[in-house]
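The structure appears right after this line, and notes come after that.
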Amino acid sequence: MEEGFFYVESLSPYVWRRYKVDKLYFEGKTKFQVVHCFYNNFLGKVLFLDHKIQSAEIDEFIYHEALVHPSLVTHPRPQKVVILGGGEGATLREVLRYQSVRQATMVDIDEELVAICQKYLPEWSAGAFDDPRSKLIITDARQFLERNEEKYDVIISDLTEPVSGGPSVYLFTKEFFELVKRRLTPEGVWVLQAGSADEKFSQFMSSLVKTLESVFPVVRPYWSFILSFSLPWGFICASLKPDPLSLSAEEIKDRLEARQVKGLRFYYPGLHHGLFALPRYLLENFKRGRLLTDDNPFIWTL
Amino acid sequence: MEEGFFYVESLSPYVWRRYKVDKLYFEGKTKFQVVHCFYNNFLGKVLFLDHKIQSAEIDEFIYHEALVHPSLVTHPRPQKVVILGGGEGATLREVLRYQSVRQATMVDIDEELVAICQKYLPEWSAGAFDDPRSKLIITDARQFLERNEEKYDVIISDLTEPVSGGPSVYLFTKEFFELVKRRLTPEGVWVLQAGSADEKFSQFMSSLVKTLESVFPVVRPYWSFILSFSLPWGFICASLKPDPLSLSAEEIKDRLEARQVKGLRFYYPGLHHGLFALPRYLLENFKRGRLLTDDNPFIWTL
Amino acid sequence: MEEGFFYVESLSPYVWRRYKVDKLYFEGKTKFQVVHCFYNNFLGKVLFLDHKIQSAEIDEFIYHEALVHPSLVTHPRPQKVVILGGGEGATLREVLRYQSVRQATMVDIDEELVAICQKYLPEWSAGAFDDPRSKLIITDARQFLERNEEKYDVIISDLTEPVSGGPSVYLFTKEFFELVKRRLTPEGVWVLQAGSADEKFSQFMSSLVKTLESVFPVVRPYWSFILSFSLPWGFICASLKPDPLSLSAEEIKDRLEARQVKGLRFYYPGLHHGLFALPRYLLENFKRGRLLTDDNPFIWTL
Amino acid sequence: MEEGFFYVESLSPYVWRRYKVDKLYFEGKTKFQVVHCFYNNFLGKVLFLDHKIQSAEIDEFIYHEALVHPSLVTHPRPQKVVILGGGEGATLREVLRYQSVRQATMVDIDEELVAICQKYLPEWSAGAFDDPRSKLIITDARQFLERNEEKYDVIISDLTEPVSGGPSVYLFTKEFFELVKRRLTPEGVWVLQAGSADEKFSQFMSSLVKTLESVFPVVRPYWSFILSFSLPWGFICASLKPDPLSLSAEEIKDRLEARQVKGLRFYYPGLHHGLFALPRYLLENFKRGRLLTDDNPFIWTL
């Protein structure tokens, strides 16, 4: 019946999505963002931050597997991993599937959000915060990397888009990427979610590719489709040396087995190279990316 | 301003998309379907049939390039092509990019729809109907293939989903696929749009894979991301002999050049194999497909 | 900005109202009804029961003043008053404006709802439950009048419409009205909210008029305009003897003064007769009302 | 089914009404206003100007009877009537019910709109434009009264609200009302629709009352409820001498009979005085009206 509570999301000033709110879990503000969390009979549990969808039960596995596995497979022996952002805990969950990983640190600025997710979306972390290998640090990601001189095998950026005044603006610049580079071990891999990969909205991804290419010797953009985002989604894997494109499906299979990775629903060896095959329009758009710096960062506007 | 005309599309009984109707072109019924055609400032011109989105100006090139090129590239020398459905004329437009094609026949049951598209969406066909190589036949696709014993190098199915009582129900069965097989030249290729490739709604695609495998020696499902459909979309290429997976990027490049194909925005040699790399969940779902027959066809329900 | 939470109300299967939920207070079920309570920047605080709007801060004074004052003014000396329903406490608030009233009893079946209203809508009761003259009894209204042989000067029905399976179905029948009659003092007045008074939806009001005329010597339908209901609203005052139409504006003024009634925003002596002036279409509709009995009660359907 | 075309109306920045568009008749712009005209299964045919509802088949009779009859009954012998605005032709239809009327002139600025209404909403005028007593003049209402020195028994203002830049801004000022006064016969009556009569939005009505009181000896505000407007609606009857409040129901009945008025569905003698009985809040608001002049007119904003 067409009545009751609904949540409306603006996809553009001319297109909206409307969700029946079958059960409201949380509506409010943390110190950093506006949070809406509810149950919808189609998407399952769903989380919105600042009115943008972040994760839905129906397909968060696609986003989180696409973010984590290409890089963890690319690194020859990932032991120390750090996740920047990732409040829901699902990125941590994917990292911990690798038995080779000895230490997985998640750095998120928003303590309240992490608590909200643990309370209402426990399926996302699935116990990851209780794993003895994991550590949660509440602080700004940039500050964390500046003050702490430890080095990591894989660094994963699972941050929200850089909206004006938001906490992520200076986490997508050349200066920041250089800091990340200094915190990687010699065969270190760095991966980040890179926003929309559709034709119209891929300026952010294009600029990230350009900026990363000014810092890292290996830069490999890839994509996947996240149903609940309504958009193809971009990711970029960069590294000091290993190249995700140099692995055969057989090697990937061997690595996943050796590291005892189980329970994947999206990623598998036969998909790996497909993720890195991009459409012509993205390649064209990449030529128009601009260098992002602390003086001139990317600010996301609808 | 939040007022005026809107078009609402039901994605599920719990999720909707709403579009500002910036300019209404057509609202009405043909003999076969309900048609809505309007302009939206985000999607551009857009066409809905029976309340399901068919094509939007913003990304119809993705759907039509994904449907046509993998197969036309796979065939060693495509000269005679037939398109089943494809009312907007964009599939025909893509086929005619191949200078090797001598004859491109489009068979659509809905004459009124074809006229509506030519009137309001001329950018889709972009003059294709005026090309001396093209021919438009208004009839039922199955009847056309039954009565006409000509053979084709490539047959393309660009049909709407088989909704109850609709004209496509018997165009997705084993019996129909056997008829198609008899109308292919020895190296003939058959490709069809196969509906949603997401996890929840891919029963149709799964059943098509199973049914095609009972008829054709080579069956290659693939997918792409159609922003305006809000879903990853499935396609299946089947053939009597040529295999799209056996082509190298270099060969594809050579074939596109030899056939003088120009103006592509989505497809290019480096993307070809990526389209055929499927996620694990689809491979799992394919195991649960069922054989579709005239006695027990697939009926699409939301 | 067109995003976030909204509440949608179905006014008919073809017309809806949508409210921005600026602050959600309560969403849930009591033993008897579905309750939604939120803040909207236009309506202020608002309460929905079973998806029908009950009260909005912007104009609850109109409904509650229209319900109470014509009858309390009509009775020559109202001392004992009982309210059936009226969970929000605003009807009680209006009754207690009369310093002549010694005892005001409110009988509501839904204890949880009364608590929700006291928690989230305290402006409605405005302290009325703390007045030493008031008493709250949680029980079914019909049972209350059956078991308790006390007599009252004014009985006020502030009940929800009789929806199928709901608690109000047998509170709008001839048998119930006869019970009410037996509980009135010799000059007793009985008033009830009677649903929509528009042309299309006034079958309920029409049937109430007919049924009351079979029980009471004086039956006076009246109406008012409740903005938040989107409809003109009907009320019926019935009595054993006093007639609201026999009072002059001067007499009303004197009675209000003598009873020290203060703080009215809608009702005043010059409006009294206007409320009872009905449009021609309602008078016509009243001819088509049917007798409501326990065997054949009115069931509200949209 | 929740899909297809809808029309959304903004009632405030926080509340909207949404209508299923069951059949679209017209969408476009005239020289003066944006016009939407469609069929909705609940409201019937409906007309929107500049995104504000003007008339719906379900209850246009209420608005038009409320606008016309109190004044035509108040005038002792109405023979010459002029209507300012009233594009749909329904005000003219009501005026022509009086057989005493010899000449009914309608002056509307928007010729295209009048034509659209005659084409799509012929039920509103119901043949009125073909009545030999009626005359349609396309021009600005103020210019019409300035250039033409004829005098009228009743002048009816059926104009849209004075939105910024719209054609009605200078038709609600003291200077205009003085012009109207000079065009009335000695017992002339002047009536105007006066916008919303609810508590929050009645500044316009309040200012009209104040401004009219500076020009006319008799000023009688009244109201009714227009379901399709979602609001109680204000009207003001002003005159050089006759007073609508001085008539008894008996006199009204006699006048309606003598003038052979038939077919009324809303207005009847017993309702007349009720229309003029206003709620306390409106009387309070009237004290805060301001004088509207050509230098300082009222501009309507949502």
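Going in written order, the chains are labelled A, B, C and D, and every chain counts its residues from 1.
Going forward, a contact is a pair of C-beta atoms (placed from the backbone, for glycine too) under 8 Å apart; a residue touches a chain by one contact, two chains touch by 3 or more.
Computed from a prediction, not measured in an experiment: that's the story for all the values here.
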| item | value |
| --- | --- |
| Touching chain C and also chain D, the following chains | none |
| Farthest-lying chain, centroid of Cα atoms versus that of chain A | D |
| Cα-centroid distance, chain B relative to chain C, in whole angstrom | 60 |
| Rounded Å distance, chain A centre to chain B centre (Cα mean) | 33 |
| Chain B and chain D, separation of their C-alpha mean positions in angstrom | 55 |
| In chain D, residues with contacts to at least two other chains | 2, 16 |
| Chain contact topology (line, ring, star, complete or other) | ring |
| Every chain pair in contact, whichever chains are involved | A-B, A-C, B-D, C-D |
| Residues of chain B defined as touching chain A within the complex | 11-20, 22, 40-43, 58-59, 62, 198-200, 225, 227, 230-232, 264-268, 270-281, 283 |
| List of chain A residues in touch with chain C within their complex | 1-10, 16, 21, 24, 27, 36, 51 |
